[in-house]
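In what follows, chain A forms one complex with chain B and a second complex with chain C.
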Partner chain A sequence: MSATGTMPTNPRASLRPLARVEAHKLIRHPAFLAGVGFVLVGIAMFVRAILSSSGSTWNDDGWTVGVAVAVLAILTMVAANLAALRDRREDAVEQHMALPVAQSTRTGALIAATAGPAMVVVLLLAGVVGFAISRVPSLTAADQVHLVERLSAVVMLGTLGVALAGWLPSPFVAPVIGWGLLLVSPGDPPQTWQVLTPWASLRQAELATWHLGYLVGLTVLFGVAALVRSSRSRSLVIAGVIGAVAVIACAAVLFARACPSRTGVCWF
Partner chain B sequence: MWLPAIVAGVAGVLVVVALHDREAATPLEAVAILLASAAGFAFDDPVAEILAASPTTLRQRRITRLALLGPPIVLTWLALVATQGPASWAETWALAAMFAGLVGLSLSIAGVASRRSTTGRGGIVAGPGLFVLVIASTLIPPRWRPLPLGDVPGGWTPIYLRWSAAAAIGLLVLLWSSRDPARITSRLGIPAGRSTPRERGERIG
Partner chain C sequence: MNVTVEFTHLEKRYGRVRALDGVSCEVEPLVTGLLGPNGAGKTTLMRIAATVLAPDRGSVRLLGRDPSSATDRVEIRRRLGYMPQEPGFYRSFTTFAFVDYVAILKEMTDRASRHDEVRRVLTQVGLEDVANRKVKTLSGGMRRRLALAQALLGDPELLVLDEPTAGLDPEQRLRFRELISQLPLRTTVLLSTHQTEDVSALCERVIVLAGGEIRFDGTPPALAVTAGGRVWIADGRDDAALLAWRMGDGRYRHVGNPPPGATLVDPTIDDAYLLMVGDPSAQEGAAA
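Presenting the complex of A and B:
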């Protein structure tokens, strides 16, 4: 097929190999590798705490792993953003417009490529959780949801990085957003609105599950935002509506129940 | 070069407006990080490859670009510090040292990255590089933390010293990375950016 021919009839056929290539590039990106370094340090601190104290629990000492994965998620966003800005950086946007693969397919491949960093996080977390289960009392249901939340934050921020490249095409933006996400982390005591930050760790498993739903909804919205730059279809609109409904519903539940006004105590 | 600085300035104003009621350190630290990240784009030159062959050395070209971008960034920072109003002169000096340190590190990262990249665009590395350095610094206990955001044991003096040291190191790395790759350093007349045949292990003659 020539560059001037028609687009492939099945974009998914080209999406998969593209996503594979982009995933390999993402997990070898220096920013992502720096994030992996932070996770390894966080894991080492957790393991040292467990080995040096008999009363350690995941709840007391596992925060080092959680914070490190949060930093990794931010660096994944930076790496995905730089990958999505590659065309622009190399002044090759117009050249790539002539490729037989549609821009929306290439954006979709970048979004799908965030599965690569997510797989690395799964491997790292599986190792440390396996060790934790063998040494400390088992993880609570809330702890387990928090781990899945951290994993979904990696995918969500990776997708946000791709969306940012489409709407605010400057490599300056993603690191600034990363700093902003750290700045709004829940403090002590937390404020009610901070339940909507990605790093709010709710102490009740049910509320943590609502927060997970909120993160998944945001991921869908960011994905739609990234794709809608180059493609407008009914399925995107439907996905956008589903994402928005999920985000609003979960946020409403979290706002209502995370910090009950009667007690003045927040569950995170 | 200008877009990041403008965005950083606007974002800095928003941060100071939004966090005006808080202690001065938090918003002004955020402003310093923003402006320092923007300063890293000072050396991003779309025509770097063309100008590389000009008689003006790399160091002179970088000084010219810094002379253009530096004053607006410093003036923005001074204006935002005056607006926020730190609690004391000691805090003001600590924030000044931190700003200098962050800018120095950002410029040094950008300088090294620009030199290594073929397109001469090191700004994309400055922001993430600064992020990684500052986060890595928080892994070190406060007593020894090289880039302290917030209080450390010993009061203001360690903060002045550590951030001033960061600024000095950043400046030295920047100067080192600004050596012109085309300068003549050997009697054979071979530019410094190239290795001699002997260094490449080739037989001469």
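Presenting the complex of A and C:
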């Protein structure tokens, strides 16, 4: 057909180049760049604490990095949401409907594009973790899981941003939800239900791992919710069931073990 | 010649408004113009031809395939270029990046050849010098050419252009004509327009649509002939005419039923179109 002769036989072959374009757009989005700024400030505060005190621990002083990455995750959600709403915002829906790439492929590419922000977070954290390991002896297993959790929260909230664009197509929804997520952050002492918030930092490595599983399950569920708007397949149903089982199982374990006495004494 | 677009008894309603009322026609690989007043059903027909809208009744075949089948629809879209009446643009993208994005959506996955194709269509529409400018900085005419560029990606066999010359200055319109006339002969171009000059200059065939029905289907000269004996010139305005206007030389050109002894002149497509669709003000709001 084409002058270029590049028609693929696999209709999903466009997913990778689309995801690459969307990832580049995400990591250059002003909202995401603002999040990167927060992380740099958080890292600077942590490094300053390490350098100025010999008794620093990741748990005591690393919270600035954790909070900053949480903010970046929320801003990633806003950026992904705006990217997913782009056709609607720019009145390009009809024009792009006449093109062969399916909407489900475009949604899949947006979800895959959240790997871009995640990679940026990895690069930002790799440096600070390397520095912290050389200076702070107490980077525990739980601390390490928390770092992976923050990373997975970036992907999870990015995917939520894409799903929200399909179900509640307004650019105001994601910022409101993001603000709400900040408000439900665990306080001191934390409430039992707050174990289900993305930012619950459980002190035991095993519980933190269950919380990580809970976040991964949510990511799968949000991904299915985004894709099911334009495509209904058996594999999506299976993925949805797996995500739901993971979320329920991990939440059950967290409820049972993070706050065993139901007296408000929680291990996070 | 092989038929590439086939509409059979198409009907489409928007609520109580009938946009298409039993439209049937076959189109071959040539430039076919669709003329009609606002609300005639042109855009509805173009959307159906672009696979973005399904008729309520009737059947459609595009490039030998049935767009109501999901598999066929994808195959048609691979060979289709569409420029809607109100194109959408990603304003924060550069001109090149926007067309490149559409090229990916046209399943052009190889980066190097895709970029060559993007450069080719940008050159074709004369936007190569603004390839790195943000879309939001382009003028209205440039944006229309950008919409045309994305439609031309991949040398489509079926090109559906809904009012492509709206907002273009005279030079750009002439360039557009040149561009369309340079398309491969195998290309079927469906062109909706209000500009009768474009139809005269470009189209081998013209379909006049009014009130959701086809009023005329033939060549542009044949359309002009339908007004034979109903166009005359007089020194003053004759109220019996459907429409009359004063020309540059101070005399009046009349369209309608001439009075006895009127000085008849050769009709143009404009004259024939006016007579065919009747009083334009009566057509307002007839259909979406």
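By our rule, the second predicted complex is superposed on the first by the 253 of 268 C-alpha atoms of A that agree within 3 Å, B and C clash if a C-alpha of one lies under 4 Å from a C-alpha of the other, contacts with A are read in each partner's own complex, and residues count from 1 in each chain.
Note that in this section a residue touches a chain if its C-beta (ideal position, glycine included) is under 8 Å from a C-beta of that chain, and two chains touch if they have at least 3 such contacts.
These numbers come from a predicted model, not from an experiment.
Enquirer: Applying the document's definition of touch, where does A:Val148 land relative to chain B and chain C: first, second, both, or neither?
Expert: A:Val148 contacts neither chain B nor chain C.
Enquirer: Tell me which partner A:Leu236 touches in the superposition: chain B (first), chain C (second), both or neither.
Expert: neither
Enquirer: Is A:Ala44 in contact with chain B, with chain C, with both, or with neither (first, second, both, neither)?
Expert: Touch status of A:Ala44: no partner.
Enquirer: Could you tell me if A:Asp87 is touching chain B, chain C, both of them or neither one (first, second, both, neither)?
Expert: A:Asp87: touches chain C, not chain B.
Enquirer: After lining up the shared chain so the two structures overlap, which partner does A:Val173 touch, if you call chain B first and chain C second: first, second, both or neither?
Expert: Touch partner of A:Val173: chain B, not chain C.
Enquirer: Return first, second, both or neither, reflecting whether A:Ala205 touches chain B, chain C, both chains, or no partner chain.
Expert: neither
Enquirer: Does chain C touch more residues of chain A than chain B does, or is it the other way round?
Expert: Touching more of chain A: C.
Enquirer: Is A:Val129 contacted by the first partner chain B, the second partner chain C, both or neither?
Expert: In the superposed model, A:Val129 contacts neither chain B nor chain C.
Enquirer: Quick one: classify A:Ile74 as touching chain B (first), chain C (second), both or neither.
Expert: first
Enquirer: Shared contact residues on chain A, chain B side and chain C side combined as an intersection?
Expert: Common to the two interfaces on chain A: residues 90.
Enquirer: Would you tell me which residues of chain A are touching chain B in their complex?
Expert: Touching chain B: residues 31, 34, 38, 41, 71, 74-75, 78, 82, 85, 89-90, 170-176, 178-179, 183 of chain A.
Enquirer: Which positions of chain B touch chain A when the two form their complex?
Expert: By the definition above, chain B touches chain A via 3-4, 7-8, 11, 26, 30, 33-34, 37-38, 41, 119, 121, 123-124, 127-128, 130-132, 135-136, 139.
Enquirer: Quick check on the complex: what are the chain A residues that touch chain C?
Expert: Where chain A meets chain C, its residues are 1-8, 11, 13-14, 16-18, 21, 86-87, 90-102, 106.
Enquirer: Note which residues of chain C are touching chain A in the complex, please.
Expert: Interface residues on the chain C side: 47, 50-52, 74, 77-80, 82-84, 86-91, 97, 100-102, 104-111, 113-114, 116-117, 120, 147, 150, 153-155, 157, 160.
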